[in-house]
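One chain, chain A, links the two complexes that follow: it is found with chain B in the first and with chain C in the second.
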Partner chain A sequence: MSQTVTLTIDGRQVQAEAGTTLLEAARSVNIQIPHLCSNEELAPYGACRMCMVEIRQGQRTRLVASCIYEVEEGLEVQTVTERVLNVRRLVIELLLARNPTHPTLLKMAADLGIEKTRFEVEVKGCILCGLCVRTCREVVGVSAIGFEGRGTSRRVTTPFNEAPPDCIACGACATVCPVGVIPLKDKAGIRTIWKTDYPLQRCESCGRIIAPVKQLEYFAKITNQPLSHFTEHCVHCR
Partner chain B sequence: MKKIKSAAELNALQEELNARLDPNKPCIAICCGTGCMAHGTRNLVERFQQELADRQLTEKISLRRTGCHGFCERGPMVVLHPQKIFYQRIKVDDVPEIIDKTILGEEIIDRLLYRDPVTKEKVVHEYEVPFYKKQMRLVFGMNGMIEPTRIEDYLAIGGYGALAKVLTQGDPQAVIDDISAAGLRGRGGGGFPTGRKWNATRKAEGSPKYVICNADEGDPGAYMDRSLLEGNPHSVLEGMIIGAYAIGSSHGYIYVRNEYPLAVENITLAIDKAREMGLLGQDILGSGFDFDIVINRGGGAFVCGESSALFASIEGRAGEPRAKYVHATDKGLYDKPTCLNNVETWANVPLIINKGAQWYAGIGTEHSKGTKIFSLVGKINNTGLVEVPMGITLREIVFEIGGGIPKGRKFKAVQTGGPSGGCIPEAHLDIPVDFDELSKLGTMMGSGGMIVMDERNCMVDVAKYFLKFLEEESCGKCTPCREGIYQMRKILDRITNGEGKLEDLDTLEWMGQAIKDGSLCALGGSAPNPVLTTLRYFRSEYEAHIIDKKCPAGVCKALITYGIDPDKCTGCHACARVCPTGAATGEKKEVHQIDQEKCIKCGACYEACKFDAITIV
Partner chain C sequence: MQEKIAHIIGKYHHDKGFLVPILQDVQKEFNYLPKEALTTVGALLQVPLSRIYEIATFYRAFSLTPRGKHQMSLCVGTACHVRGAPIIQDGIERVLGVKAGQTTADLEFTFETVNCLGACALGPILVVDGEYQGQMTLSKANKLLKKLGKKVATDEED
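Now for the complex of A and B:
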């Protein structure tokens, strides 16, 4: 049986199971901490730094990423302090310099009293939260995309910038992207993603589109079922 | 050599090897450290070998190719034992004379002696050289006494005796208690108490446990770990084996930059030799304790010196840090308890075991014990590696050991702690070198880089240089470090181009604090330090760039104009000869001019003029 821990978040007593992150514990009592790179389906990553909170340990306080830091008995957490807000303000302004127009970022900025970034804008779109890369690896399980470069040259790409050999065209990366910068297009029985065309499978019974052929082949492989198991009927005519 | 099966056998071998050392036998110790190698020491060694062979003296006079002696400024250098005569800036053609006159004839060659720039007197012996006099070379000093490729040399001076001692005593906890009592703190930068780290790893649950030596030294201008690995690899190994025994680990790694080929070569050889002799591997010295070490060569990313990024790199992933809310001592490499220490920390261990915790704790300040090796570089007369007791003042290091600033220029700042350390001005030079004192000034001990700057260094430019380095070395994972350092650097670019605004300084300070607070690892967590400390101590220089559009040090190209002082110009034509665009012109023996239209502000004329006639406005 797992152990229950009692801690204080913004002055409120909160009970949470050991192993819960501060972000989850806060959410359980409806204290919302802004975050961009955290997703409950993925392992904690702690890269965007929007979810920073201030914790007190004895006389000392320090900032930690609430998406990683786990609850501790008696821990005092403040989710809104001047230090915390300064980090969030900086982070959102820095991200707006890469993507000055996306509503999600603009809303987060507005919540912090920021209309626009003071930094020089160089539009890149992607905010490098890594949700796509981690979803592809941890949820889909194919690692078709990854990061290249370091520092400001870091970007998400396919191996050697070519058609990704392991991609199953499932589109999870595009779906999870918080700023919608991964292009995905379905047209005339073809899905285009990562600059590559993938044929879409039609239901053998009703003719509706089910999913990319490569995705169904991947399902067949990991479930050890014949491909026909996934192509004979679709969710609509099963 | 055959395997040593017990501490007693080791002792006997040490004594035998030591007895073979004839203290009166002439020995030529040639520094073969990286600095001297770059000066052409290889040719010097060959010439010595040749000349000794020609005179049939190879049996009578020994030649020792040692690691770095530290005084890199004066290389190539030799020390002639037993008198310890110190010759510096030696050329290949000096070799026959050294053998004939000094070694065979006991005559000192005056021109090869070191001349003290302060007293103008020639110094004969190594121990009288002011550069060495104030040092306390406990860890680094052994470099001059051994050939790093010969385990026999290390054994002869008592090497692996500390290991034998702890294995004989058979009490791992006592070893940790000793290290704790000695007050040893991590030399890699953080200054974490080593004993506490060992203890935590020993107590942690999980198996196997790993012991790692961090040799991913990457600070610009720093080479102390490199010189230890190159010059005395067995001391690092011995420290690691003792640590592994104390912690209860049988797996070790040395993570070393592949850009350090000689360090890789020497440590690889040292591991092979130690294993061959039963000092590494299974059943070390017949004690039943097993421990072996694997070398992992790093690709040179600065961030891989950060422990969690280093683990990722060993595990075969990209070198990106992760949050360290769970300590590496509980979950480090492969999520197993891991004790990671820096090269210099490991090299201190045998010393503490041999001489005792009490003795060690007697050196240094209240909370910083022992010695620290610094690489003293930049605008300093005596460039090199120095080992000093903790508590010595920065002034003593810069002016007494370092010999002050070249060309009689004025000292401006010293940067400690590598690229993410801070710049300390003259007013604070009397503070003792101590982990806590340095951090109070906004800088840190770091791994031991010490860069000296003079009046011709622009502090804004210096801050920009280090930010640029860190911007390129940021792994790019977290936003504040990746984007924040980049944007800070862009603001500094604007300031040095004369386009800065006064509010930029507030923005820089605000960003600096938020980046320190918000970054994932210590790289971002300390990256703003050069900017924050220069703003703290040299704010007027920033303001001069912004308000007056001037660079007081005459460095920032956009803000300076080169001119010629007609009173000082002798018409020597040196400026015109080096000017790449033909901007500097004039008839010989007439006052020269600079055509501002053509001038690209490369500064070649400024460097070339011997009469200080080139002005910077």
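Now for the complex of A and C:
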């Protein structure tokens, strides 16, 4: 049986289920905390540090990432303090140094009163939030992509930077990317993703494109159905 | 290769938790981590290749390119630096004809720099095949290279 704890967020009493995070508790009472790497379909990760909040512990306060910090009985949480805003400003400026043009980041920056980064810009595009890698691993279940290296040279890529053997071309990574830096192109019955071409399957009844062949083959495998189950009819003509 | 890797994994009872020690053993066996080896490890342990690639590229101790028969690591940390490590580095790079981090074409030597070995009192330090050689100088380094079979043009020969 799940336990309920009561805590205070920005002076409001909030009930939350034990084991959930501060971010979820805040969302349940419509307190918005900016975040980039959190997604309810994925395990908490704590990479982007945009969701920092201040918690009170005795006489002191401490900064924690609300997307990974679990609710506690009687906890006092402040989501908008000068200290919190300063950290968020720093974080968004560091992210802007990697990607100075994406509207999502610029909007977040503007909300914090930031127009441009104070740091030297080195355009990488990717902000290393890990949503693509984690979606591929946890939701899709194929783990076709991952990180490479560490520190300043860390980046998202396929094993050995080659055509990914496990990729099913579903495009979930490109869809989930908050800054849209994973190229995906559908053209003339071919999907190009991770520098690899994958044929798209057409519906055998109406001829509309359903999905990449490899994705349907994967569906057939995990559901134990014949491939024809997914190719004979599409959602439009079923 | 398959059998050797299967043997290594068997030693760890096919436990994914031992991935790093397994990769260390594989690297010891082949002197580096060949691509096929990583694919085999992934298949046998049922760990996605992307995950193994992630780990193999994260740790500097792993190499995805063949390494030389002899490993030379020169410390270029602060203490070694002020005691002349850059001069030694220049000298070794000239003799071997490779930059730090590279391997000679004949696969005899791999030369790399490290940032501190925690033995600053011995600086500058050159580690040759796992052995710490303290108070290194250019001529001592040349002598070591010679002993390992490298032709070194030294002043005495001129």
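Note that in this section the second predicted complex is superposed on the first by the 238 of 238 C-alpha atoms of A that agree within 3 Å, B and C clash if a C-alpha of one lies under 4 Å from a C-alpha of the other, contacts with A are read in each partner's own complex, and residues count from 1 in each chain.
As a working rule, a residue touches a chain if its C-beta (ideal position, glycine included) is under 8 Å from a C-beta of that chain, and two chains touch if they have at least 3 such contacts.
Predicted model, so just to flag it, every value in this text is computed and none were measured.
Novice: According to the stated criteria, A:149 is in contact with first (chain B), second (chain C), both, or neither; which is it?
Specialist: both
Novice: Looking only at chain A, is it chain B or chain C that touches more of its residues?
Specialist: Of chain B and chain C, more residues of chain A lie in contact with B.
Novice: Contacts for A:138 in the overlay, against chain B (first) and chain C (second): which applies, first, second, both or neither?
Specialist: In the superposed model, A:138 contacts neither chain B nor chain C.
Novice: Based on the superposed arrangement, let me know which partner A:63 touches: chain B (first), chain C (second), both, or neither?
Specialist: first
Novice: In the overlay, answer first, second, both or neither for which of chain B and chain C A:160 touches.
Specialist: In the superposition, A:160 touches chain C alone.
Novice: According to the stated criteria, A:95 is in contact with first (chain B), second (chain C), both, or neither; which is it?
Specialist: After superposition on chain A, A:95 lies in contact with chain B alone.
Novice: Now for A:217: first (chain B), second (chain C), both, or neither, which partner does it touch?
Specialist: neither
Novice: Intersection of chain A residues contacting chain B with those contacting chain C?
Specialist: Dual-contact residues (chain A): 147, 149-150.
Novice: So in the complex, the part of chain C that touches chain A is made up of which residues?
Specialist: 35, 38, 48-54, 57-58, 64
Novice: Contact residues on chain B for chain A in the complex?
Specialist: Counting only chain B, the residues touching chain A are 301, 303, 318, 322-323, 325, 471-480, 482-484, 486-487, 490, 507, 510-511, 513-515, 517-520.
Novice: Can you name the residues of chain A that touch chain B in the complex?
Specialist: So the residues of chain A touching chain B come out as 44, 46-50, 52, 63-65, 68-70, 83, 86-87, 89-91, 94-95, 97-98, 118-120, 127-128, 130, 147, 149-154.
Novice: What part of chain A is in contact with chain C in the complex they form?
Specialist: Residue positions touching the partner: 133, 136-137, 142-150, 158-160, 164-166.
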